[in-house]
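The two complexes that follow have chain A in common; it is paired with chain B in the first and with chain C in the second.
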Partner chain A sequence: MNNRKLFIVLSLVPALLLVLVFTCYPFFKGIVMAFQEYKLFDLNNVPFVGFDNFKAAFDDPKFMHALTNSAYWVFVSLFFQFVIGFALALLLKKPFRGRGIYQGFVFYSWALSGFLIGMIWKWIFNSQMGPVNDILMRLGIIDERIGFLSDPKWAMVSVIVANVWYGIAFFAIMLLAALQSVPGELYEAADMDGAGTVRQLFSVTLPYIMPTVITTTLLRAIWIFNDPTIIYGMTNGGPAGSTHVLSSFMLDKIIYAGDYGAASAVGVIMIGILLLYTIFYLSVTRSEKVGDF
Partner chain B sequence: MKRFTLIGLKGIVLALYFIVMAFPLYWITITSLKPQKDIFSVPLQYWPKTLTLDNYVNIFKISKFHVYFANSLIVAITAAVIVMIIAILGAYVMARFTFRGHRQIMLAFFATQMLPGFISLAPLYLMMSDMQLINNRFSLVLMYTVTLIPFSTIMLRGFFQRIPSSLEEAAMIDGCSRFTALLRIIMPVMLPGIASTFIFAFVQNWNELFLAVMFIDSEPLKTLPVAMNSFILKFDVNWGAMSAGTVLSVIPTVLLFAIAQKFIVSGLTQGAEKG
Partner chain C sequence: MRRHGRKTVGLLLSGVMMLSVLAGCGGNNSTDGESANGGGKSDGETVKLRMVESLTSPKRTELLQKMIDQFETENPTIQVELISPPFDQADNKIRTMLAGKQDLDVMEVRDLNVAEFVNNKYTEPLDAYAAKWSDYATVTATAKSVGTVGENLYFMPSGLYLRQMFYRQDWLKEKGLEVPETWQELVDTAAALTDSSKNRYGFSFRGGPGSNGTTDTMILSYNGDNVNLDDSQFTKDGKTIYSTPEAKQAMELYMKLYKEASPPDSINWGFSEQVQAFTSGVTGILLQDPDVIQSLQQSMDEGTWATAPMPKGPNGKALMAAGASGWGIPSYSKHKEEAWKLIEFMSSPKQNTAFSKDYGLIPVHTAAAEDEFFKTGPYKTLLDMGNQPDVFVSYKPAFQYPGTGQWGQVSAESQQSFLLGKTSLDDLLKKWDEYWANEKTKMQK
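And now, the complex of A and B:
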């Protein structure tokens, strides 16, 4: 019995110790920083300033803009990623020749870094040499080139397109696995009851895979919300801050402004939003199965 | 007849999606193979008239690209190996035993995947500079290891749970210690799971940008993402060199992903199946 305890402790110590020191400690230190004036160029003078950083954030129109952008960034991206990913999963459900290779290929976006995806799409949306402008002109859809990344009206749409492109694979993979776990008898029974394809989708398939749908959409929403890499690579928040979301806004405060207090305040606000959203989402979807690890 | 058109429609949709997925990689690849003047010539060449390796030669001339590549390899592989050792032990224990704090550890590991990690970026920078680890590859190896421990543990635990515990119990009755049983009996069965987790860890490390930007600015220590990041600032309009750099950066991960795609997918999806 003692042997067993020793084995458990020894096996877990490296993982727990490292996570405690290098994940938990800096995380809580970051939360504390949100209540300090903490600037890179004056590290010896870091007084506590109460909620000043939070007040400053809410007074900053750029922050408020990033806040609304975050909502678009998350929900528009998520909607299209989910719908297209689900459609793809349905199409890939029945085996056909070359399905394995096709899957392997179309899911490759997962292996790319968000930063490089941003760079590649920046080149594709380039106003002079970009193929998107070129193709739209040739098809006669537009008469003049669009500055997809230089025009604030279009920049947010463009980064969302890149993000959708990247994230479809996640839903396609997850939903395909869920679809394949639906017992065939359910469809046989539905057939006998005379339910058509569309009816079967809504009455058999969707209810059965609902737990997966809820988990994946929640996870994906959180990840999209937290991850600024595609935006960083594509526009770096520009032009004039028009594509900043909360995560890229926070990153900007750290890397370029060196204002750690202000960045941490944004981070704490993000945590608050995530908690509220998660609670709201789980209570609306009434799911007790999610997060049961 | 109706059935026939449906299959045709499905084929068209799948083909369209294939084009949409393939095009960005195709476009950056042919850009990297075009001579500079063709990159900026109108009308755009969707099928390049002349192919050249000039941009690839150029990127090694204007930068120490081979050094960045080597740095990325060293850091990504070292951290992935260390994380595997730590996570295999942790995951095995989490899969086979229940004990006080078991649930809390899983929840904490899961929470690290949900919270905005960048809130730790500034504190980590200060910690690393206190430990004199700025401009030292060890800081990246350390942080990449730590960052991946929770996810790798969760993923490997899923693989362990699929293997019946009777397997190592039988070995232990035969006189093996638990550790030997894990090493000799379980690990070989786990190989696909271990390989896919390793590849996943490697890909994450290879792609990581922001910790590396914070910790490294010395030219001979830069990893590929850091180097590409400073390219943008330095050679903003040199899309020939940039696209060559991009293609070289994505080749290792795309190849690995293609090889291990099946394992990675089954590893990632089983959590979702359990709901």
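And now, the complex of A and C:
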């Protein structure tokens, strides 16, 4: 019996060590740094400064702007990613010629790095040299070029469009897998009861894949919230900070200011927001099967 | 029996995994120990140097490797391992290596971060080594000055960057315009070249990262003689350069430059869009460093473009600063002698001139100015500017202030807000003035 316990403990050690070294340590270090004046310029002198970093963040209008932008960024992106991804999954469910290749194209964007996607979309939206303006001009839809990334009115819309494009593939993949697990008999039964296509979608398909929907939307919301890469690549938060979300704002503090203390404070605030959001979301949706894919 | 066997295998496996994890954690210490031994026995044995570059690009890495190969042939007892992190992450990677005291003997230091490295005691002063080097006498004063912090030389520049004007010769000719010599002329000329219906604009504006390359240059040149050249964010009477009426004039003109002569989209452009707009025929005037010369030569027809000196302020002066990166030695390196030997080799007139030609830089030795290559073509203006130190006045950038690192971002963002009409000119200059006055106070503490 003792031997068995020892075996269990020893077997757990590698996993625990990995988690400790690569997850717990950075996490706690980050929290500690949030309370320090930790700047790259002077690493020999990192005093504790209490809540100064947090105060500075909430006093900064740029931070508050990034906070509201984060809400748009997450919910608008998530909504369109889900709706379009779901539509694609429904289309891809039925076999047709060339489905494999088509699926490859749909899933392709998911394989790219966010930063690269940002760089590509930056060129697509460029008002002097980008194809979007060129096409709109040639079609006669607009007379003057639109500064998609230079006009604060358009910039946030533009980065969200790029993000929607990026995330559609994720929902298409996950929901397609879930759709394929819906038993065919359910549809046969629904047919016999006289349910039409729309009715079937809402009374059979959606309830059946609900656990997947809840898990994927929750995960995706967290990822979008945490992902600065597309914004960093496309606008770098500009013009004049109008497209900063919390994650890109945090990155900005590290890359340009070398201020790890301020960045960590923003990070801790983000963790708090995500924690509250997750608790809220899961208690509202209250599904027992969440986590089953 | 079978069960028991499986358990034993499981135990063994978990033991092995744990060991390997522990070994992974201790990795740093063991290599440190090894190299310490290696350092002690370096006489007669092969020494392995580790070198890291920062401004990585495929072409540059190739050029560096070529120099290293030659060095290794001449010095069979020294081997060099070149580490080339991608440009965007390189400086952070170097910082991490330095903070963790990882084996490193030669590193690329930049004018932007040398003060930070010195402040954290990461870099070795090179004066004692340079004193013994015969070619040091011909190193230009500018090159020495860029690599110096306080009294000491901390890195040996591998070449200098200096901004100049690139313009579309054919466009100016077509409109019968002269090459602009002052900022006012530049704005007028650029406005005359602009025709938005043809998607043609006078100036390759850069309102995104790096915009202070234009705003600060304009404000400095407008302040002219009044600038304290050794502490260039301040005037001779100790006020910031942003607090003067000249700064206001400069920024009024800057607004005009954006509104009347630049693509509206350029408010968020960085380096690549700025250069691309010029090479693809969207914009007519570009202010850039010599490392763009090769891409201009590749993508534009000869005769369509030419170079000219930087524009001057209203009092006939242009303030300029040469930028540079170069080679330094980490303070904890165990092979400093060999490391210097490599730096000396790469900085020799022969190697440095060849590198500068291949990559598009100004060489660090005075003798190179006699080279035909630099006396003709697009490099000529750079030497011309250097030969008129009274007109093109050289200043020392304020890299010693901790706030320099963030300045580019602060400046770019508030400048965008000004161009968009969200911040008034007075508020903008007040913000910049406060930023630098604050830096000064922190420095004096």
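Side notes on the structure shown:
Note that the second predicted complex is superposed on the first by the 270 of 293 C-alpha atoms of A that agree within 3 Å, B and C clash if a C-alpha of one lies under 4 Å from a C-alpha of the other, contacts with A are read in each partner's own complex, and residues count from 1 in each chain.
Heads up, the rule we're going with is that a residue touches a chain if its C-beta (ideal position, glycine included) is under 8 Å from a C-beta of that chain, and two chains touch if they have at least 3 such contacts.
Since we're looking at a predicted model, the values are computed, not measured.
Taken together in the superposed arrangement on chain A, chain B and chain C clash. In the superposed model, A:Ser181 lies in contact with chain B only, and not with chain C.
Contact with chain B, but none with chain C, is seen for A:Phe22 once the two complexes are overlaid on the shared chain. When the two structures are aligned on the shared chain, A:Leu88 is found in touch with chain B, with no touch to chain C.
Of the two partner chains placed by superposition, only chain C is touched by A:Lys39; chain B is not. Of the two partner chains, both chain B and chain C are touched by A:Met129.
In the superposition on chain A, A:Leu149 contacts chain C only, with no contact to chain B.
By the document's definition of touching, of the two partners only chain C reaches A:Thr235; chain B does not. Comparing chain B with chain C, more residues of chain A are touched by B.
Using the contact criterion defined above for the overlaid structures, shared-chain residue A:Ser11 touches chain B and also reaches chain C.
By the document's definition of touching, neither partner reaches A:Leu201: not chain B, not chain C. Working note: chain B versus chain C after chain A overlay, options 6-14, 60-68, 114-122 or 186-194, clashing stretch identified as 60-68. On chain A, the surface patch touched by chain B in one complex and by chain C in the other comprises residues 7, 10-11, 14, 18, 43, 128-129. The part of chain A that touches chain C in the complex is made up of residues 7, 10-11, 13-14, 17-18, 21, 39-44, 126-129, 144-145, 147-152, 155, 235-241, 252, 256-259.
Those residues of chain B that touch chain A in the shared complex are 10, 13-14, 17-18, 20-25, 27-28, 31, 39-40, 43-44, 46, 86-87, 89-90, 92-94, 97, 99, 105-110, 112, 114-124, 126-127, 142-143, 145-147, 149-150, 153-154, 178-179, 203, 206-210, 213-214, 225, 228-229, 232, 239, 242-243, 246, 249-250, 253-254, 256-258, 261-262, 265-266, 268-275. Residues of chain A that touch chain B in their complex: 4, 7-8, 10-12, 14-16, 18-19, 22-27, 29-31, 33, 38, 43, 84, 87-88, 91-92, 100, 102-117, 119-121, 123-124, 128-129, 131, 134, 165, 173-174, 177-178, 181, 211-212, 215-216, 219, 222, 225-226, 228-229, 232, 247, 250-251, 254-255, 260, 263-264, 267-268, 270-271, 274, 278, 289-293.
The touching residues of chain C, when paired with chain A in their complex, are 7, 10-11, 14-15, 17-18, 21-22, 25, 95, 99, 115-116, 119-121, 196, 199, 201, 207-209, 263-268, 270, 273, 276-277, 280, 282, 402, 405-406, 408-409, 412-414, 416-417, 420, 422.
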